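Two complexes follow with chain A in common, the first pairing it with chain B and the second with chain C.
So, the complex of A and B:
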C-alpha cells in the first residue's frame, strides 16, 4: 500500500519548513507578551524550538520511511497507538483551522471589512484542497517560489524602512520579570517552532532521510532569524506602540514612504500572509488527510480530502466569535494546549522506543523497505 | 466524478478503435496480396484501385531485343519529376537495352539486372506486395512493373512544386539564420542535417493516419537524448489511430500530457536553428510532412521565454531582455485585473496624486471598472482576430477603426475611461513579447479580471496560487513543467532569469539532457594569449592552430559518470 508516490529532496524540505514557520507568524507576531523584547523572546524560543525539533528528528530517524501514524502503532501497540495518532490528527486538523481563521480574521479586519469571513476561508480551503490532492511533491514545489518571494520582501521592507528605524526603541533590554519573559519565549517556541511536529508526517517522503536533520535545522534557524529580523524592524519603527496593534507588521509596512511613489505597500504583507498561510494550511491539511487514511488503512487519501476540508472550514468559522478571542487563544491558551502534542507525546514515544529497543528489531526491516521504495 | 467521466471516455475510445479496425480490415486485407507474374493481371488490379483518378499515369511499353519484354511504369502526375522519368527510367530502358546481352534480359530475374545496371536513379527498391506499390506510387515514386516477374521496382522520382525556404513570419530575428522550415519533410530534415553533421543524429520514419498516410519523422541525437524518452515518444505516436494527420497540431493533441490544461506541454518552432539547439539539449523533435511547424518534447515553462537570438547576441542585454519578458508576461495576465482591483476595492493603495488623476479621467463613465476592462479586452481580441483574417489591402482599415473610433471616440464620448484604454493597450503590446504563451495569457487574463472584479487582490492571489499549483503539477514527457524553478536545480538557473555566456554553460538542462550532462570543456573564458604562447604560435595560420587545439580538447574531454534520467 502506497498512499503517496511523490518524493521530496532535502533542500526542498528546507523551503517548505521555512514557509510553514513563517506561515501566520509573520503577521501574528509571536512573543508579543514580551513587548519590545519580543525579538529576544523569539530568539530564546527558537532555542527551545530547536530542542523540540531534535526530539522529532531523533524519532523520525529511528523509523525511516514511516510516518508518525505508522510508528505510533509500533511503539504503543495497535490500540493505544491509534488513540494517540487520533490525538495528533486532531492537533494537525485544529492547527490548520486556526491558521485559516487567522487568515480570514486578517482579511476581514484589515482589507475587506464588509465581506463575510466564510468567503475567504472557503476559497482558501479550495485552493489548499487542490494542492493536497496533488500530493506533497506539488506543495513543496510551490513553496520554492513562494518562500523566495517572501524572504526577499521581508529583507526589502527592512531596507525601505531603514530611515524610520530608531534603535533606541529597543532599550532597555530585558526590562521584564523573568517569569513573564519565559512565558513569552515559551509561547514563541510553541507557536511557530514547535508546530513543525507536523513534519513527522512528511519527513518519511524524503529521498535521502539522512539529510533530514541538517535541512530541518537549517530551515528552523533561517525562519527564526527572519522572524527576529521582522520583529526588530517592527519594534525599531513602532516603539512601544507595537504592543497595541494586532498586526504590527501590517502597520509597519504602511509607514513606508519613499519619494511619494513607494507608499502603501501593505499589500505585500497581505500577499506574504496569503502565500505562506497557504503553505501552512496545505501541510496541516495534508498531514491530517494522509494520517487519517493510514489510520483507517485506506488505499488512497483522495476521498478524505473533501470531507476533511468541509470540517476544517466549519471549525475555523465556528470556533471564535471575534479577532480578540482568536488572539487571546493564540497567546494565552495555545502554549499549554499544544504542549502535549508538541513535546509530551513525541518525547514519550522516543523514551518508550529507546527503552523497548524497537528500532533495533525494526532496523533491518525498515532498511529493506526503504531500499525497495528507492528501487521503485 | 471526473475520474468516472474519464473512464467512460476511455471506454468509448476503445469501442471506437475496435469499430474502425473492423471497417479498415477488408481494405487492408485486399491490398496486402502480393503481385502476380502476369503484367496485365497486375495492371487490372491497380487500375481498379487507383483507376478513376486522372492524375495517375500508367505508361505501357515494351523494350529489349525485338521489344519482347512488356513493362509499364506507373506514377502520379504532379508528384514526380518528369525529367527523371524521361531521362533516367524510360530512356535507358528503351535505348540502352541493346547494349546488353538479349538472352540475359529475357531470363526470369531480369528485374535484378535492370535495378543493378540500367536505371540511372539514386534510390531503387524491389517490392513484392501490392500495398508497397500503391504506397510508393502515391508518395511520388515511379513504379516499374515487368511482365513475368512478381516483383516491382519502386524508383525514387519525387519532385513537386513547393515553397522555397523563406524567413518564417512568426519568428523573426535580428541576428541569426533566417531560413525556416517548409512544407516538405525531406527538405526539413536536410535543413537539420546541415546544422548537425553527426552520425549520431538519427531520423526515424513513421507513417500515421489511416487515410492520409502522412510521413512523420522523429529526430534525436543518440547519446545525448534519454533513450526512455525516445521510447515514450514512439509509444505515444504508435497509439495514435486516426484517419488523418494534416498538421503537427493533430499529433500534439494526441500525445500531450495534459489535454485539459491551458498550458501547452509540447513546444513548436519553424526555425531549424531552434530545433537543432533543442536536439542538442537532449530533446526529441517530431517533424510532420506538410507543415513547417516542428514539435519538440519535453517542453518546460521557461522555454517560452527563451529565443534563439538570446544565445547569439552577447549575454548582458540578453539577461535584461529575459527579465523584461517575465515582466511583460506578468503585465499581460495581471494588468487589467490589478487595475480593476485597485479602482474597485483598494483605492487606498494608489498614491494620492495618481488616484486623483485616475478619478478625474473616469468621472462620468457609466460602467463599473470590471465591465470596462472585460469589454475592452473583448474588443481588442476582436480587432486582433480581424487583423489576421482580413485581406491585406483592407488591413489599414482595422487600425483606423481601432485607434480612432474605439480609442479616441469612445473616451471623448465618455463611454469608457481613458485609463482602461491605456491598460488594455499595454496588455496587448506585452502579450506579443511572449508569443508561445499568448493563448494561455489571454485565458488567464479573463479569469483574473473577473475574480479581481469579485474579490479584489484576494481574488487575484487565489487565482495565481491555483495557477502555480497547476504549473507545479504539470509534466511534459516525464519532465516537471516548472523545472528548473520547481523542482529547483541551481545549475540550470544559468539560463532562466539571466543567461550566462556560452562558455560558462557547461551542462545540459538537468531534467532533460542529463543522460550526457557535460556540453563542453570547462575554463574556456577568452583571454589574451600568454607571452609564451605568442612566441610559439606561427603568425601565418592562427586559425588552423586554434582548430587543432579545440579538437584535441574535445577528444581529451573527461566525461562524468552517466546518470539516467530519473524522471522519465
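So, the complex of A and C:
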C-alpha cells in the first residue's frame, strides 16, 4: 500500500528544507536573548542543529523508503511504537499550529490591525490544505520558486541597508555570561534547526535516498547562514533597539530609504513570511496527516486533510490569548518542550535500532514479517 | 450535466474570491484620511497633561494656494490645519482630535515630532512610547526640541514650501550644507535613549522675528530623557566632528598675515574614537580627518605659495579643534556623554567596563580627551591667485 505516490529529488529537498527553516524564523528572530550576539548564538545553534540532523539522517538511512511512523513500529514494537508515533504527530501538529499563529499574529499586529486573526489563519490553512491534498511533490516544487525569491530578498535588503549599518553595534563580541549565551544558542537550535525532525516523514520519498545526507546538511547550512546574515543586518542597523522589537526584521526593512523613492518596502518581509510560512505549515500539516493515516492503516490520507486542518486552525487560535504569551512560549518554554521530540526520541530510536541491530536482523528473519508490516 | 454544474460552482467561487481578494477588512480611502505631517507636544496648563498639536494637510487648498497666490491676489487659505487638544497620554489625545476633525488621523506620512523645551526638561521617554510602538508612525521621522512652545513651530511662516512640517523636515535634510545643526531621526534617538551612557540629542528649533520664521539653532542635549541644555551652532559642529556626521560646511580662518578672512569648504570628514589606558587611567583619543577646498579668500597675501597654503591648513585644524573642545566643555559640564565615549570603552574593554559602567557619571566630567585633527586643503577652485594686479 502506498499513501504517497510522489517522488522528490534530493536537490528539491534542499530547497524545501531551506524554506522550512526560514519559515517563521526570518520574522521571529531566534537567538534574540543573546542581544547583539544573536548572530553568533544562531551560528552555534546551527552547529547543534547539525548534530541533531545527523541523528535523524542516520536513523532515516537505516530505514530507506520508510517514514518515521513506520519504523517506530519496527523499533519499539507495534504498541509502544504507536504511542511514540502519536507523540511525534502531536508535535508536528502543534508546530504547524504555532507557525500559523505566528503568521496571524504578525499580520494582525503589523499590517491589518482590525481584521480578526481567524481570517488569516483559515485562509492560510485552506491554501496549505490544497497543497497537502496534492502531495509532497507539489509542496516541494512550490518551494523551488518561493525560496529563490526569499534568498534574493534577504540579500537585496542587505545591500539596500548597507549605508545604515554600523558594525560597531556588533562589538564587543560575546558580551554576556556564557550561561545565557548557551541558553540563547540552544533556543536557536530547537527553533528552527531541530524542527527538521519533521522531515523524517518526508525523506522516505526521495528518489535517491543516498543523497539525503548531503542535501539535508547543505540545506541546513544555507538556511543557517541566511539567518545569520539577516541577524547581522538587524543588529548592525538597529543596535540596542533590536531587543525591544517584536519583529526586528520588519522594523529593519521599514528603515530603508534610498533617495526618497525606495521606501516603505516592508511588505517584502510579509511576503517572505507568507511564502516560507506556507511551506513550513504545509510540511507540518502533511507530516501530521500522512503519519496519522499510516498509524491508523488508512488507504488514503485525503479524508484526514479537512479534519486535521480544522483542528489546527482551532488550536492555533485558542492556544494563546496574546502576543506576549506567544513570545513567552517561543523563547522560554519551547526550547525544553521540543527537546524530547527533537533529540530525545530520535536518539533513543537510533540507539535501540543499533543495539537491536535492526533493520538488518529484520531482513535475516525473512521477508514474511516485512511483508506483513507493509500489507496491513 | 453534472460536469457543467460543477464547473459553474467553481466559477462562482472564483468570482467571489476575486471580488473579496482586493479589499481589506478595514479600508480607508484617500478622501477619508486626515494626513498628518507633523506633531508637536507641549505641556498643558493642567499639570501632568500634555497638549498635542497635529498638522493636517488640506490637499484641496494645496493646489488653490499654489495657483491663487499669483492669481486673485487675495489671501489664499492655508493648505494645512493645526489641531490642538489636551489629554493625559499621546494616544488618547490623538484619538481625541477626532472630536474636531471629521476624518481619522492618518500617521504614516508624519515627518517630524517636536517637543517643547519645558516638556523636554521633565523627560520625554514616556511620550516617545506611543511614537515607537504604533505601527503607523515610522522611524525615519525627525525629533526636534523647540525653544518656546512647540505648537508655534508648526505655525511658522514658510516661503518655498507650503506646509511648515515638510519645510522643517527639509531644513533638517539640508543641514548637511553647514553641519551646524543635528539631524536626528527616531531610530537614532532611540538608540541613544536605550544606551546606558550615551546621551540623546535632538535638533533645536526656534521661531524668530515678526515674520515667524523657523530656524535650526543647534542641538538639544538630553541627560537620560531629560533636557540638559542647548549646544549652539559651532558647538554642534564640534559634536558632529566627533560622531562623524560632518558632511559639508564652511570653515572661516584668518589669513596668514592677520588681515582678512578665507573660507574653506569641507568636502569630507571622518573620525575615530579610541579609548586608551595609560598609567592606569582612561584616556579618550579622538582623531578627526578632514579634507576640504579653498572656497574664498579675502586676504592680501598670495595663498598659492606652499608655505602659506600649509599655514592655512594648520589654521583650519585649530578651528576644528576649537569647535570640538567647545562641545566637549559643555558636555562635561552637563555630564552628558553625547559623543558615545562610554560605548566606545565598552566595545574596547568589555571586562573593565563592567566595573566602571555604573560609575560612568563620575568618570565622564573629568575624562581626559585628546583631540588630533588632520586637516587637508586640497584644491583651490577655478583660480589660484586672486583677481588683482600683481
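In this section, the second predicted complex is superposed on the first by the 361 of 376 C-alpha atoms of A that agree within 3 Å, B and C clash if a C-alpha of one lies under 4 Å from a C-alpha of the other, contacts with A are read in each partner's own complex, and residues count from 1 in each chain.
One rule holds in what follows: a contact is a pair of C-beta atoms (placed from the backbone, for glycine too) under 8 Å apart; a residue touches a chain by one contact, two chains touch by 3 or more.
This is a predicted model, so every value here is computed, not measured.
Judged by the touch definition given at the top, the superposed model places A:244 against chain C, while chain B stays out of reach.
Within the superposed three-chain model, A:267 lies in touch with chain B and out of touch with chain C [touch as defined at top]. Of the two partner chains placed around the shared chain by superposition, neither chain B nor chain C is touched by A:35. In the superposed pair of complexes, A:142 makes contact with chain B only, with no contact to chain C. In the superposition on chain A, no contact is made by A:82 with either chain B or chain C.
When both complexes are overlaid on chain A, the residue A:213 reaches neither chain B nor chain C. By the document's definition of touching, of the two partners only chain C reaches A:168; chain B does not. Taking chain A as the reference, the larger set of touched residues comes from B, when chain B and chain C are compared.
Applying the stated touch rule to the two superposed structures, the overlap between the chain B and chain C interfaces on chain A comprises residues 111-112, 115, 119, 263.
Across the complex, chain A meets chain B through its residues 9, 11-12, 107, 111-112, 115, 119-120, 123-124, 127, 130-131, 134, 138, 141-142, 144-146, 260-261, 263-264, 266-267, 270-271, 274-275, 278. Note for the complex: chain B touches chain A at residues 345-346, 348-351, 353, 455-458, 461-462, 465-466, 468-469, 472-473, 480, 482, 485-488.
The touching residues of chain C, when paired with chain A in their complex, are 24-26, 135, 138-140, 187, 190-191, 194-195, 343, 346-348, 350.
Of all residues in chain A, those touching chain C in their complex are 109-116, 119, 168, 171-172, 175, 238-241, 244, 251, 254-255, 257, 263.
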